[in-house]
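Chain IDs A, B and C follow the sequence of writing; residue 1 opens each chain.
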Amino acid sequence: MRIHQKTSYDDDINLFEDHRQAMWYALLLIAAIAIPLVLDPFRLGDLASMLIWAIAGMGLMVLAGHTGQPSLGHAAFLACGAYMEAWLNNHGVPFLLSLPLSGLFAGVVGALIAVPALRMSGIYLAIATLAIGIVAEDVIVLLDPVTGGVSGTSVGPVNLFGYEIDRYVNPAAFYWLCLGVTVIVTLGYANLLRSATGRSFLAIRDSEVSAKAMGINVARTKTLAFFLSCFATGLAGALMAHYIGSFNYETFLITVSIQMLLMIVVGGMGSIHGAFFGAAVYVYLPQFITAIRQGITNNAIPGLDTGIFAAVLIAIIIIEPLGINGRWLKTRAWFQLFPLARRDMFRRQKSYLKTERMR
Amino acid sequence: MEIAQLVLGGIAGGCVYGLVALGFVLIYKATESVNFAQGDMMMLGAFVTLQFVNTAYWGMNFWVGVCLAVIVMAVVGYLMEALVIRRLFGQPQFAIVILTIAIGFVLRFFAGFIWGYEPLSLDTPFAGQNVQFAGLAIGVDEIFVIGVTIALTLALYLFFARTKLGMAMQASSQNQLAAYYMGVPVKRVHGLVWALSGGIATIAGVLFAARGSIDPNLGLLGIKAFAAAVIGGFGSLPGALAGGLIVGLVEPFAGRYIASGYSQIAPYAVMLVVLVLRPNGLFAQVQSKKV
Amino acid sequence: MSLFVADNLSKHFGGVKAVDGVSFTVEEGEVFTIVGPNGAGKSTIFNLISRFYDCTTGTMTFDGHDITNAQPHEIIRHGIARTFQNIELFDHSTVLQNLLVGRHSRRKSNVVSNLFFLPWVRQEERDHRAAVEAVIEFLDLQAYRDKMIAGLPYGVRKIVEIGRALACGPKLLLLDEPASGLSVEETQDVAYWIEDMQKDMGLTVLMVEHDMKLVSQVSTRVLAMADGKPIAVGTPVEVQSHPKVIEAYLGMGAAA
């Protein structure tokens, strides 16, 4: 059993509990940096894709997990980032400028959408964002001159300090680029959570009434949450544009939005870890399924991936509402308390639902 | 004349949306959860009917097949509640939203696995028959769709307003614990509601199949029915039907008078406008919380 | 000059006059209690002061500022903090985080400095934390500091609510039935705390409460209400023996 003794306020403010935990994350980062030395380009591409989805997941997590505003249309902001990046890149804007601009564009669109969305809550917001996701598909097609309509658009290699980084020509460099953006977004997210802004998000999620009484400007804070969420999602969209090279509206279908939400639920709502766990499941589960199916039959079964992904999700929601991250925390707590952990420690309290029609 | 035809087709289409929306509202009214799989239940209901009725499959009499399909889907709805949804009893709305989305994906996969992804059409006794009325060619299928919808809505409305079970359903959604204390068997009531909405989904599926072909992705139509339910205020049965009709009418007219690309977005645009003007729908049920 | 002045406050919901022409003043440093039967309009007055409701008529002045048309989130910046009758805590956060949200109105850093966690943000966090620790010390919440609200007993949550309101260092504290649902011992603790707040911290308290023992123990003045109208103001003893108050509580027969 480990006992953690806090000796100053900084122990609660610091990113890591103690040196031990900091060391583990440092090791993880070193491993992540070194991995292109041992991994083949194909697998490295998967890993880059996982990081991109993790960024997108973190974006959605800010909104759905921490501010309590579920969005079922986040692929629209992914599209904002991707198309903006493609347009800027094709006009010769360097990546260091075009990446934040793409994020900013998505963020501003998100903040604009937040204005009417502010007055909605719960199920109405979910359905409104769903509608936005669907309308976005059609808007992409209708904006033919910029987006290339149905046939889509393509984007060249990343232009960083005069070097050209192409996903296929130098996969390691592209992976490091994704890793760099991931680390920056993760740090920003963690900082947010340990400061006043993050607390105001949580406050709005749990009780808007008392958030107001505590001096939180609910409308402004929600708009801010939308902006930050869409900004991060837009960054992911920009990286994704370079990852897939050419794309059209079908890359950002409403099902992608829904799967993004399912992804962070699988990973664990309300935690940064959850976004990463979710992205890992989202990217690697289909490969795992394909590998197993090939052991049984050689015929491809259409829709098998999503079917099993959904079934796994159902199991997770029933068994572990806090997702993979919840299970991970419990396992860790079990080891930290060893041998004092008891079975009933994590038992769910019986709860009854009261109407949510009262807001 | 062209307008009259558009209106008629719009109403018939709107009835199907309205019925799916009715399924949403039913479950929402009684359990306060939103079933995102309602569209997929409709799809499954249509396929089950097709399995019973079509000559390529079991070739039963149409009406017998429909009745059997309704029963089968009611059982499916009940089992879904009893085996899966009930595990999340008392959890927040959002968890159930996610759960039902996932169930929808699974249902879609099953339907695709069994019946394939090629569009199929249901054998109905009134396919291609027309009635001439005031110079209009009215399809018998359209009359069928409109008639069934009106009857069903009326029956459900009376059920909630007049019967004890209907009121118990309403009570259990407002406050589960209080409903328990008043002797309402909340869990059984939930099971019954899901069974009922499974049955309604099947009828909606049959009505849709009467006018077009079906495939496993039909469930996405449920999203349009969401627009209908939201316009109607989510929680009002007549509102759901009204919303369905609005969506059904907006679609063909937008396609005809603006541009064909807009018929898809128009219902959502209407819904977003309604939500912006009245954030809780036209027939709102949300009140502000007392502190 | 009085710290808080309510002049001719009314709130009508359709035809129902929940609060009807109520005027009162709260002097600096006193404990002012509003009593009355259910439906007398006590909580409505709190919601008017918090600006969750708009006044139908009347004005409110606090510390020389007119707050009749302020935004709900601005109220705490004027120095008015409140608790809720049916506990409105942030359930999925720890006690510490809840109290830190109570410091929100004192925040100076913005979102950009938060994202980068610049050095002064850390210093600000330390200052907030020191202020919150003082509240934890005062209310004896040390044992619950890192516990989730969702798992805490009712009595503790009630105290955490008071702590959250205290954390911002208000001038006027609104307590909405602080003792409802508490045991006799817990109610006694609340009474001591209110006395300490008044005497040691120099706080002014405006309270709605049903427990007459608590009311007479801590209140400087009491306002009795019935059916949205004020019926008596004075010391606890005066109000309790006022014939109209007895009538409102016990009905016509007892007064006769």
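List of remarks:
Criterion: a contact is a pair of C-beta atoms (placed from the backbone, for glycine too) under 8 Å apart; a residue touches a chain by one contact, two chains touch by 3 or more.
Since this is a predicted model, take the numbers as computed values, not measurements.
Here the two chains linked by the largest count of contacting C-beta pairs are A-B. Averaging Cα atoms per chain gives one point for each, and the point farthest from that of chain B is the centre of C.
Here the chain at the heart of the structure, going by C-alpha means, is A.
Once the centre of each chain is set as its mean CA position, chain A and chain C turn out to be 40 Å apart. Distance from the chain B centre to the chain C centre is 48 Å, each centre being the mean of its Cα atoms.
Separation between the centroids of chain A and chain B, computed from CA atoms only, is 32 Å.
Each of the following residues of chain A touches two or more other chains: 209. Among the residues of chain B, those in touch with two or more other chains are 290-291. Shared contact sites, meaning residues of chain C that touch two or more other chains, fall at 52, 84, 88. Residues 70, 116, 119-124, 126-128, 130-132, 134-135, 138-139, 141-142, 209, 254, 258, 261-262, 265, 301-304, 306-307, 309-311, 313-314, 317-318, 321, 350-359 of chain A are the ones that touch chain B when the two sit in their complex. The residues of chain A lying in touch with chain C in their complex are 9-10, 12-13, 188, 191-192, 194-200, 202-203, 205-207, 209-218, 224, 228, 270, 349.
Remark: chain B residues 28, 32, 34, 84, 87-95, 97-99, 101-106, 108-110, 112-113, 117, 173-177, 180, 216, 220, 223, 226-227, 230, 234-235, 261-262, 264-265, 268-269, 271-272, 275-276, 279-281, 285-291 touch chain A in the complex. Partner chain A is touched in their complex by these residues of chain C: 50, 52, 71-77, 81-82, 84, 88-93, 96-97, 100-105, 107, 109, 111, 114-117, 121-122, 124-126, 128-130, 133, 150-151, 164, 168.
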